[in-house]
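Structures given as C-alpha cells follow.
Shared between the two complexes below is chain A, which has chain B as its partner in the first and chain C in the second.
Our next item is the complex of A and B:
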C-alpha cells in the first residue's frame, strides 16, 4: 500500500496530467462552443503537432517550446484549410452539424493515412532535457516537461479567455457563438469568424501535441487517440464551450483517474472516470461548468 | 442533410480510405510477384557479393521452378503496425533468399500474398478466408496472440496449414489443432526461461531475491506470460514472494505514476514487466521521476523492452534494463552461429540496420514452412490440387525436425513432431542494456558480458 505521504505526490502528478487533458481539450471546446461542430479529427491534429515537434527538433535542433510556436502557426493554417474544405461547405446546410461529424471523420482518416505514408508506423521520440530534468518542491517531484506543459495549459486557457473578452476578433467569436443570426445582422462576417475559430482550435490542438510530445513517449500515426478520448470526456464534463471549465474538468478527471488506480487498481482507471462522468451528466446535463462559467 | 452535404462527406471518406489503402503498404492482399522478387534479387546479390559465404548463389530465378503461394497475415496498420512491418521484413528476406536458391535444399519459388489484419480479430479471420480463396498453401502470422488465435481456429476449420513464428499465447497450441504449428517458444516457456535466467544471474552475482512484482498489459500477451511467471516463480526463487501484481490497459494508459508509487512502497527486488513499447518507456521514465529503481527491472514477454526504439527513446535511462530476447546480433559472434551472419548482412544492406528478434523469428518460421513445402513437393504432392497439397504440407510440417545449428540464425532447433505442434526446442535468452546496447547476458556460458545485478539505480 502506498504511504500517506506518497498520496500528495500522486495527487499533484495526476492534477498536472489533468491540466494537460485540459489543454488538449481546449481547441475542441472552442470549436464545439462556437460552431456546434464536433471535430472528429481533433486527436489527429494533435498527432500532427507531435510530429511537428519531432521534425523541427530533430532537423533544426531547436528547442521544443519554439516548436510549439511553429506548430501553433502551421496547424492554424492547416485548420483553416480543413475548414474551407470540410466544414464551411456543410456547416450551414440543414443537418450541417451532423455532417461536420462525417467530414471531420474523413479528415481524420486522411491525416492518419498520410502520417502512415509519410512517416511509417514506427514510433519516434525526441530527446530533450526537460523530460529528464526534475524539480522537487516539498518532496513532490515532477519532470520539468510536465510542469511546463501544465503551466502552459493554464496560461493558454487564460490567454484564450482574455482573447475572447478583450480582442475585437474574440468578441466577434463570442457573438457568433451566442447568436449567429444576430451577429450577421450587426455586420459580423460569420463565415470568416468560423474560419478563424476552427484555425485557432486546431492551432491549440497542435500546440498541445508538442507539449504532450515533450514528456509522453511514442510519436506515431495513432498517437492522438488516447488524448482524443480524454479531450471529449473533458469537454462534455466541463460543459460545451466553457473555457475555464476545461482546466477544472481536466484536473478533476486526472485526479479521479489517479484515485481510481491508487485506491483500487488500474482496472478501475476508466470505470471511476466514467462513473463520475455519467453522474455529472445525469445531475447536470449541461456539464459541470455549463452555467457557472461564461459560454463562449 | 441535403444531397451536396452527403456527397462532400462521402467524397472525403472515400479519399481518406483511398489514402489509407496506399498508406497501409502491402496490406490489402497485394501480391509480390515473382518478377519483382527476381528484380530485387539481382540488386541485393550485387551489393552483398563477396560477403555471403553461402554456396550456390544465383542472380536470376531458375526457369522451371515450381511457384508456391504463401499467405502472410500481419498487422500492417492499426496499433501493432510497426511490429507487423518488422515481421514482414523478416518474412520477405527469407522468401528472397529462398527464391535466390541460397538454401540448396529448397528448390521452389515462394510467392507471398500479404494481407493486413489491422490488429483486429474479425479482419484477420476475413482476410484469412480471402487468402484461402487466393489458393495459398499455408499461412504465416499473425503477431498479436489475440489475433492469431481466432484466425488459426479458422485455418483449422478450412484445413489450411498455419505457421506461428511469433505469437506466444499458450492456448494457440493447446487446442490440439492439426493444422497449426508454432516454431517459437510459448508464453510459459518465455516465463520459464526468464526466471531461470534471473535465478542464474542472481546466483552468479551473489544476490538473494526475496520479493518480486508482476505488472503486465492486460491482453492475452500480458496475462498468459504472467500466468507462466507465477507458475514457475518458486521453482527458481523458492523464497520469493509476489508483493505486487497489477495489470493495465496498454493502449489507453497516460500515466504510470500510481503503479510506480505502489512498487516504490513495496520495493520488490525484481520487477517483471510484460509491456509493449509505449508503456515500457513510460514506466522507466516514471521510475526515474519518482526516483526509484529495483535491483532488476526485467522486460518479460519481449514486447517493448526488446525493441531498439526502447533505447532510442530512453537514451541512457534504458541502461540496466533486462529483456528477454529471441535474437540479438551478439548471437552471430558465437562460433555456432557465425555461419549465419550473411543473413543479417543482407538485412542490413536492405534496411540499414540489424535484424531484431521479431524479424529473425519470422525469417525462421518462413524457412521452416519452406522446408515443409519442399518435403510435400518431394513426396509427389501436386501444388495445383490445392486441397490435397495443403494436406501434404500439413503432413510434412508434422515431420519437421531440424537440429540446432542447422536452423538459420537461432541457437535452437525445431521439432514439430510433438502432438501439440509446439516447438519444444525454442528457447529464450536474456539481454541487458549496457552502455546503450543490448548485450546477451544469459545463458551465462555463452554471454559475452556479465550482467550488472543489482542495478546501480538513478544515482
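Our next item is the complex of A and C:
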C-alpha cells in the first residue's frame, strides 16, 4: 500500500509537470498554426522567462506571479523583435518553413550565449514561499508552486482558446491560420497578425518560464533545451495547431514519463517518451488530436 | 570558353598546391583549424545528399556520426579491427539507420521530418547511454591503440592530410552524384514528387537510398572524427549542435551544390574556432553569438547560400537549387 501511494504520488507529480509542458507547447502550436514557422528558440525564450522571474523577485522582492506578468510583456516584445528579424523576412519564401528553423536556431544560439555572458553558466534559484509550502489532497502531496503552475497552465490554455474564439484579434489570427490568402482578400493585415501571433507565442513561453522557475531548481542559460524538446514532443503529439490538444498531450507525456520511471528505470524514462513520440509521428503525423494534415 | 577552362584549372591547381603545402609553413593551430573545416565540409557534403539534393531537412545527422564512431571504435578496441577497415562497417551501420530515416521521410514532410530526425538523434543518444555494456555509457570509450595502421597519428599535419583527402573525396563524389541518374532523380523528387513519380522515378526507393547514402558517408566521417579526438562519449558526439551545425554549414555555403559544404565550412568553422580561441577564456559565448549572427544574416539575406550568391553575381549564371 505504501508502494502504491508512492506510485500515485509520482504519477501525479509527472502529470503536473505534463500540464506545464502543455503551456510551453501552446505558444509553439500557435506560431506553427498561423505561419507554419518552427520556432527553435522557444526553449530559450522560456529560459529568459526564468531569469526574468529570478531578477524581478530577487531585485525587487515582488511576488513571482507578478513576475509572470512582467515576463509576459517583456517576452512579448522580444518575440515581436525576433519576428521582425528572423521570421517575417523568410516565412513566405519557398523553403521558408525550413528557413525559420535555421533563423530561429541563430536566435537560439545568440540568446544562450548572451545569457552565458550576462549570467554565467552556474545555476541559480530563488526562494519563495510557494515552493516550500505543501498542500495535501487525498494523501498526495504537492508544493503550492507546482499546483499553481498546473492551474495557471490550464487557465492560460482556456484563455487563449476563448481569445481566439471571441476577441477580434483572435478571430483574425484564426482566419489567417485557416486561409492566409482568403484572410488577405477580406482585408486582414496578414503580416501584422503574424507579428502579433509570434509575440503572443513567445509571451506565453516567457510566462511558462516564470511558472517553471517557481519550482524548478536550475535556472541556467542552457535550461531551455530540456523544455524545448519536451514542448516539441507535446506539440507533435497533440497535433500542430490544436489548442486543447496540447494540455492533454502534455499530461499524457508527463504520465508516460512517470510510468517509464516506475516500470523501467529513470534512465529508461526518456527512451520510452521518444519511442512513443516517434511511433505517433510515423503512424499519425497529424497528431493524436489534430485533424488531417495539410501537406506542408 | 577554352580560355575560361584553362583559367579555372590554373586556379584550382594553385589552390590544391597551396592546400597541400599549407602544413609546412603554418603553425599547428592554423593547421588544426583548417583540418576541422575539411572534416565539417565532408560532413556537410554528406548531409547535402539528402538535405540539399533530396530536400529532406535532417537535423539528426549527429546520430550517424555517433553510430559510425561507435561502430569503428568498438571494433577497434574490442576486436582490434583497424579503423581503415572499421570505417566501412561504420558506414554500413549508419547507412542502415539512414534507410530507416529515409522510410520516415516518406511520411513526414518539411519541419515534421526535421523534428522527427531530432527525436531520432536524441533516441540514439539515450540508447548509447543506456546500453553501458557495449558503449561504456556516460563514460564513453577511450581509444588506446596508436599508430598509422590504426589511423592514429602523432601530428595534426597527418590528420590534416587525412581530412583533406576525405573532403576531396566528398567533393568528387558530389560532382559525380549530381549528374548521375540517381542524383537527378532525387532532385526531381525534391522539386515535385508527383511529377517525378509520373516520369517513372521510384520515389520510395530513391528517398530511402538517398538517406542511406547520406548516412553512410556521415558514418565514415564519424569514424574519422573519433580517430582524431581519440575518445567518444554520447554527450560530446550526439550533440544537437552537431546536427544543426552540419545543416547550417551546408545552407550557409549553398545547399544542393558540390561546393556549398566546403564554402560554408571554410567560413563558419574557422570563425567559431578562432573566436573561441580569442574570447573563449574571457567571455565564453561571444564566439557563438557571432556564429548565430552569421547564420541568421546569411539565411535571411542570401537565400541559396554564398555559393548561390557568387554564381549569381560574378558568374552571371542562374541560381540552382531552391
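As a convention for this text, the second predicted complex is superposed on the first by the 288 of 296 C-alpha atoms of A that agree within 3 Å, B and C clash if a C-alpha of one lies under 4 Å from a C-alpha of the other, contacts with A are read in each partner's own complex, and residues count from 1 in each chain.
Note that in this section a residue touches a chain if its C-beta (ideal position, glycine included) is under 8 Å from a C-beta of that chain, and two chains touch if they have at least 3 such contacts.
On a predicted model such as this, the values are computed, not experimentally measured, just so you know.
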Combined model on chain A: chain C and chain B, fit or clash: clash
Name the contact category of A:271: first (chain B only), second (chain C only), both, or neither. second
Using the superposition on chain A described above, determine whether A:158 touches chain B (first), chain C (second), both, or neither. neither
First, second, both or neither for A:38, with chain B first and chain C second: second
For A:84, using the defined touch cut-off, is the partner it touches chain B, chain C, both, or neither? Pick first, second, both or neither. neither
Mind telling me which of the two, chain B or chain C, contacts the most residues of chain A? B
Please work out whether A:73 is in contact with chain B alone, chain C alone, both, or neither, and reply first, second, both or neither. neither
Mind working out whether A:216 is in touch with chain B, chain C, both or neither, as first, second, both or neither? first
Once the structures are superposed on A, label A:232 by its partner contacts, choosing first (chain B), second (chain C), both or neither. second
Give one of first, second, both or neither to describe whether A:282 is in contact with chain B, with chain C, with both, or with none. second
Just chain B (first), just chain C (second), both, or neither: which does A:129 touch? neither
In the superposed arrangement, what residues of chain A touch both chain B and chain C? 85-86, 89-90, 93-95, 98-99, 102-103, 105-110, 112-117, 121, 221, 225, 229, 267, 270
Give every residue of chain B touching chain A within the complex, in rising order. 1-2, 4-6, 8-13, 15-17, 19-24, 77-79, 81-82, 84-85, 218, 246-249, 251-255, 257-259, 261-262, 264-265, 277-278, 281-282, 285, 288-291, 309, 312-313, 315, 317
Which chain A residues qualify as touching chain B in the complex? 1-3, 6, 9-10, 13-14, 17, 85-86, 89-90, 93-96, 98-99, 102-103, 105-110, 112-117, 120-125, 127, 131-132, 134, 141-143, 215-218, 220-222, 225-227, 229-230, 257-258, 261-262, 265-267, 269-270
Counting only contacts in the complex, chain C reaches chain A at residues 57, 59, 104, 107-112, 114-116, 118-120, 122-123, 126-127, 129-130, 240, 244, 247-248, 251, 283-289, 291-293, 295-296, 299-300, 303, 322
Write out the stretch or stretches of chain A touching chain C in their complex. 32, 36, 38, 85-86, 89-90, 93-95, 97-99, 101-103, 105-110, 112-117, 121, 221, 225, 229, 232-233, 236, 267-268, 270-271, 274-275, 277-278, 281-282, 285, 295-296
